[in-house]
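After this come two complexes, each holding subunit A, first together with subunit B and then together with subunit C.
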Partner chain A sequence: MAHFDPNARPFSHQWLNERLAIDTLKRVLSTEYWIPKNINFLWAMGMVLAATFGVLLISGIFLLMYYIPDTKLAFDSVNHTIMGEVGYGWLWRHMHGVAASVVFLIIYIHMFTGIYYGSYKRGRELIWLSGMLLFVTFSAEAFSGYMLPWGQMSYWAGMVITNLFSLGSLDFQGLVEWIRGDYVPGQAFLGRFFMLHVVLLPLVIMALIVLHFGTLRIPHVNNQDGEEIDFEAEAAKWKAGKRKESKVIPFNPVFMSKDVFVLGIYFIFYFYLVFYHFEFAMDPVNFDPADPLKTPPHIYPEWYFLWSYEILRPFPKDPGLIAFGFAQVIFFFLPFLDRSPNVAPANRRGIFKYWFWILLVDMIVLTVMGKVPPIGIYTTIGTVAAWVFILLWVALPFITKMEKPIRGQK
Partner chain B sequence: MKELKILAVVVFFTLVTYWGVEPYAHSVMHKHVEFKNFKYEDLKPITAKGDPAKGQALAAACAGCHSIKAAKMPAPMDPVTASATYGVNPPDLSLAGKLLDEKYLAHFLKDPTHTALVAHKFKNRPYPMPPMATDDQSAADLVAYFKSIAPKEVTPKEAYEFACGRCHEMRYAKWTQIGEEPKTKPNIQTKMDEEKLKFQEKLAQYKDHLVKYMGKLPPDLSIIVRARSEDFLKTFVEDPQSQLPGTAMPRVGLNKEGYELVFKRLEEVGDPSKPKREAVGPWVIGYFIIFTFLAYLWYKSNWKGLK
Partner chain C sequence: MSDRRDFFGKALGAFAGLGALGALYAAKRTWDPLPSVKAAGFTTIDLSQAKENVLYTEMWRGKPIFVIKVPKDAVPSDAPNGRKENAYDDKRLITVGGDKFFIAIGLCTHLGCIPAYYSDQHKFICACHGGQFNAAGEVLKAPPPSPLVIPPFKVEGKKVVLGESSPEYEKMKKAGLVA
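Let's turn to the complex of A and B:
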């Protein structure tokens, strides 16, 4: 058994150290958790996401105190009680709504950073996969949260999305009804999505965040040049006082200090949106109470789902669903579809450079086309963009296979 | 600097996406309706000079259906009975001269159905408001009279109740089509609120008549300012047919001041946090500017001599 000094004062440093190994924890998790020096502000997006999740969690807890998950009361509990009667209820709601939208902007920046710098390659596959699991869980969290105000868009988006589970011509109405707990979205539907949103999915997200951090520990984070760093040797240099020569920095306080600075800038932007530009995150249609007898003229998801929605929309029912399913899972396969051993920024990787930028632009085009009504030229652009998306992924193994190794990577 | 270039790329793609899904997509989804500044240019100008005294004599006929509280004329019927007769409770006319456009009001008195743009709804049944002026002169006299009795100051709440409140409830402000919800208390022994139930019975009857008259229950306007854009609201009120062809909503004929008062009411009920938001916003953002500045100093002190 470990040694416990009988004379150690309770809660003194020594006392805690003997019981919790706080010195070791501090070393492993912060002061000797090595981060490459050659990074830019995009490496702070993880911390920005963690902070935004914190904002969502805290604002969500405040909203939960007054929200009522009852189809007759939900709308007014949000729009009247929280927005008008509870002190600063409006602030928590706008913070929650805006953070829910902005968190996806940051997730996409974080993902495209990973794709651009090749941060999903050998050794880092689990970072990518756990991140993708987080993306999917956040999507489910966002969707379930969108049901809660029980406005027109909650109701009709709930209707449309749960209908997808009938799986086209397979016509699994039973499955749809099982998910809804009713023939149409109603009390059972609201109750279970409420549970998912406030209990189950947040727990899964927190567990996945721990996993995501865990997957980073051994391969370490990537750097701006995709350079393979001998972390032990570089850490030794740092500890020897050769801070300029060392290629690494400790997480705390050096990396943290930059993260906190980026966080500061991010929060200025975020609170600007919360106070002066929140409308983009709170669709006007959802300020009309749910009305099963009146379908809104345009039903569209929140902006962050639009690209995959647009991959569903231009095709006939069954192929559309297959394409939609493809779009949902294909990012998971990125580490295995990219056959090139090069860990480098996309702009140094031959054809992959074009692949990256076309993918980015294509997804933005899909996003915009997913919102405008599917008429005339928009249908054509949407269809082309959906095909481009699919073909890009089909082409990925081939173009990366052809890529010439750089810097002798194998 | 490299980081600024990267930031510029990120900001660029973010703004393009924003532009595409917000301003651009909405401009495609919602048809553009020209705002005409409550000028009612389809109506001919009325050149006749009105005489309030003559108007007063003519207005006696109005009191058969309308109350004119400013002239101490009470309503001939309670709202529910009135709605049973006319479909909707006729408005009190005290504010007509203040909130309605002069030209609109004159034309409305001559030809109510066409001026209110509800002819399509009243092909086979009479519009409850009959023409009250036979020529421009009598119309102008009536308008002059209503202007002479109208109060100088009108609150947003009064403007809403006059212009919208007999068809549209506003439950977040406890407003119903037959007036404010009375403050009642349940009987402590029986737990029943008899007075409230009686009020609700009346309201139910009124709504019944209203639905028959309008075709459907006009929406509650509690948070309509969040559900529709400012642009939609003003062009819709100015000419309901422009945004919703075939709607039973009449052109109310508000003047600019009248609309602004109504909008103020919609905003104070539908977006009550606006003043607080505007007061708190600068403090929070100021806090984070200071935070960021201090964080920058910390960052620079940590990264000094590292590169």
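Let's turn to the complex of A and C:
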């Protein structure tokens, strides 16, 4: 039975401990949550992402106070009121826009770190899956946010992306009109994407972040050698004072102190972009108000969607949609398509090493080709790169099946 | 005891399930296009002043509508796939007051961009993904999978009403010519 000391001073340590078990919470979530020593700065990307999400949330709250989700007023509320009249409104907008772009750079680094070190296997499958759900939700959040300034790119990206839901020759025009609430993107469309962007999707993201952290707690983070660490034994060494011998450190304060250092470097880079190079996150075409009767000469998404857009583009309509759908979901299956028992850096895993680097380079090529107009040699390169992407994933189970077990791993 | 608890559990589940279905239906209906949006669906275009081979863009249900009075020599020069059909003979053209008109929704059937009309070449080129159409809206170059869509129409003298069907439109639809 719970014991409450009648003499405990309100809000004292003992008083809180009896009611909230703060010592236990602190121990389980921070001082005795063990992190391997054998890691590098790439292990700080999770915290960088959490911090960037915080920046997006806070800057978003300030933008929300002046933004008006009305097709006639939205453009001016952003480009006139927030940018010109509201004190430091420009700062929130540039912070929000730059963070929305940079967050995807970090997500991709975070994902490719996981792929390189095999951090999606041997008990860590749910970390990968919850992370992929976060990636998808972040993508939806980015897209819905891109609609809000109601510029030319907002409107036409909205038109093109919602048209995808007609599912090619299935011609589900009714579904497209239902998603839009109109025959074309209009007030109903802007209103519902505003709701998604500022309420529903952020709530889902926050819930998924909790799930993502939860899936990490028991398997712990991976390390640079994919070594299977006996966390209890190593933690006992640390607690016994043998800190040099122990292979682990506590999350807080030891790991966090280094994490915060990486965060510091990251925020220097981030604020450099916010103050001096915000324009890369602000497409010039979107500074024209939405015009339903004038398509911009080139419609392209933000850089972080270009690779999947380029997989859609070189094919005829239906195969293109199938390839696009494939690209959207295939990363989810990574833990199950990789048939090798080895948890090790890619460079020690035979053919997988080449698979990893070809995938990385291929996605960069797709990204570049997605940006240039679909003409001449670009179409050819794009088509080849799209096929390489598909074939890599088809080949993955076979090359990992052939992989020899690395010494000491079952 | 456990029988009673099972029964209550099932009853609760059934009522909650019904409630959830009802809520889902309400949510679906909330996202439907509003009646006012659906009602504002008719546009009348006067074609008596139209000039040959000039693209007129009208608006119907928020979508651009292309109108061209097609000239007799509407052959696309250098069609990329070698097709050189004369658009003037195309069955997709609509006869209004003795003249042949091309009337279609001006959205590329690939992903909904608006193609531009090059009157000297008698063809449309979509800047988004490179699709091309002749002056009757037939596809000359992929990715668009089908011709530009002809909306429901009704010819009234020198005018055309969009959004309202007519025997001519139904005949074209039956022949698979509208899309």
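Note that the second predicted complex is superposed on the first by the 410 of 410 C-alpha atoms of A that agree within 3 Å, B and C clash if a C-alpha of one lies under 4 Å from a C-alpha of the other, contacts with A are read in each partner's own complex, and residues count from 1 in each chain.
Keep in mind that, in the parts below, a contact is a pair of C-beta atoms (placed from the backbone, for glycine too) under 8 Å apart; a residue touches a chain by one contact, two chains touch by 3 or more.
Remember, it's a predicted structure, so these values are computed and weren't measured experimentally.
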> Between subunit B (first) and subunit C (second), which, if any, makes contact with A:H298: first, second, both or neither?
Replying inline: both
> Where does A:K371 make contact in the superposed view: on subunit B (first), on subunit C (second), on both, or on neither?
Replying inline: first
>> Once the two complexes are aligned on chain A, which partner has more residues of subunit A within touching range, subunit B or subunit C?
In response: B
>> In the overlaid three-chain picture, which partner chain does A:A8 touch, first (subunit B) or second (subunit C), both, or neither?
In response: neither
>> Contacts for A:S257 in the overlay, against subunit B (first) and subunit C (second): which applies, first, second, both or neither?
In response: first
>> So in the superposed three-chain picture, is A:H80 touching just subunit B, just subunit C, both, or none of them (first/second/both/neither)?
In response: first
>> A:I390 in the overlay: touching subunit B, subunit C, both, or neither? Say first, second, both or neither.
In response: neither
>> I'd like to know which partner A:W178 touches here: subunit B for first, subunit C for second, both or neither.
In response: second
>> After the superposition on A, what does A:K37 contact: first (subunit B), second (subunit C), both or neither?
In response: first
> Residues on subunit A in contact with subunit B in one complex and with subunit C in the other?
Replying inline: 297-298, 373
> Which residues of subunit A touch subunit C in their complex?
Replying inline: 156, 159-160, 163-164, 168-169, 177-184, 186, 188, 192, 292-299, 313, 315-318, 320, 373-375, 379
> Which part of subunit C faces subunit A closely enough to touch in the complex?
Replying inline: 28, 31-34, 37, 57, 59, 61-64, 110-114, 127-130, 142-145
> Along subunit A, where are the residues that touch subunit B in the complex?
Replying inline: 37, 40-42, 76, 79-80, 83-84, 90-91, 94, 105, 109, 243-244, 249, 253-254, 257-258, 260-261, 263-265, 267-268, 271-272, 274-276, 280, 282, 284-285, 287-288, 297-298, 303, 306, 360, 364, 367-368, 371-373, 378
>> Which residues of subunit B touch subunit A once you look at their complex with the stated criterion?
In response: 2-3, 6-7, 10, 13-14, 16-18, 20-22, 24-25, 28-29, 171-172, 219, 222-224, 226-229, 272-273, 276-278, 280-281, 284-285, 288-289, 291-293, 295-296, 298-299, 301-303, 305-307
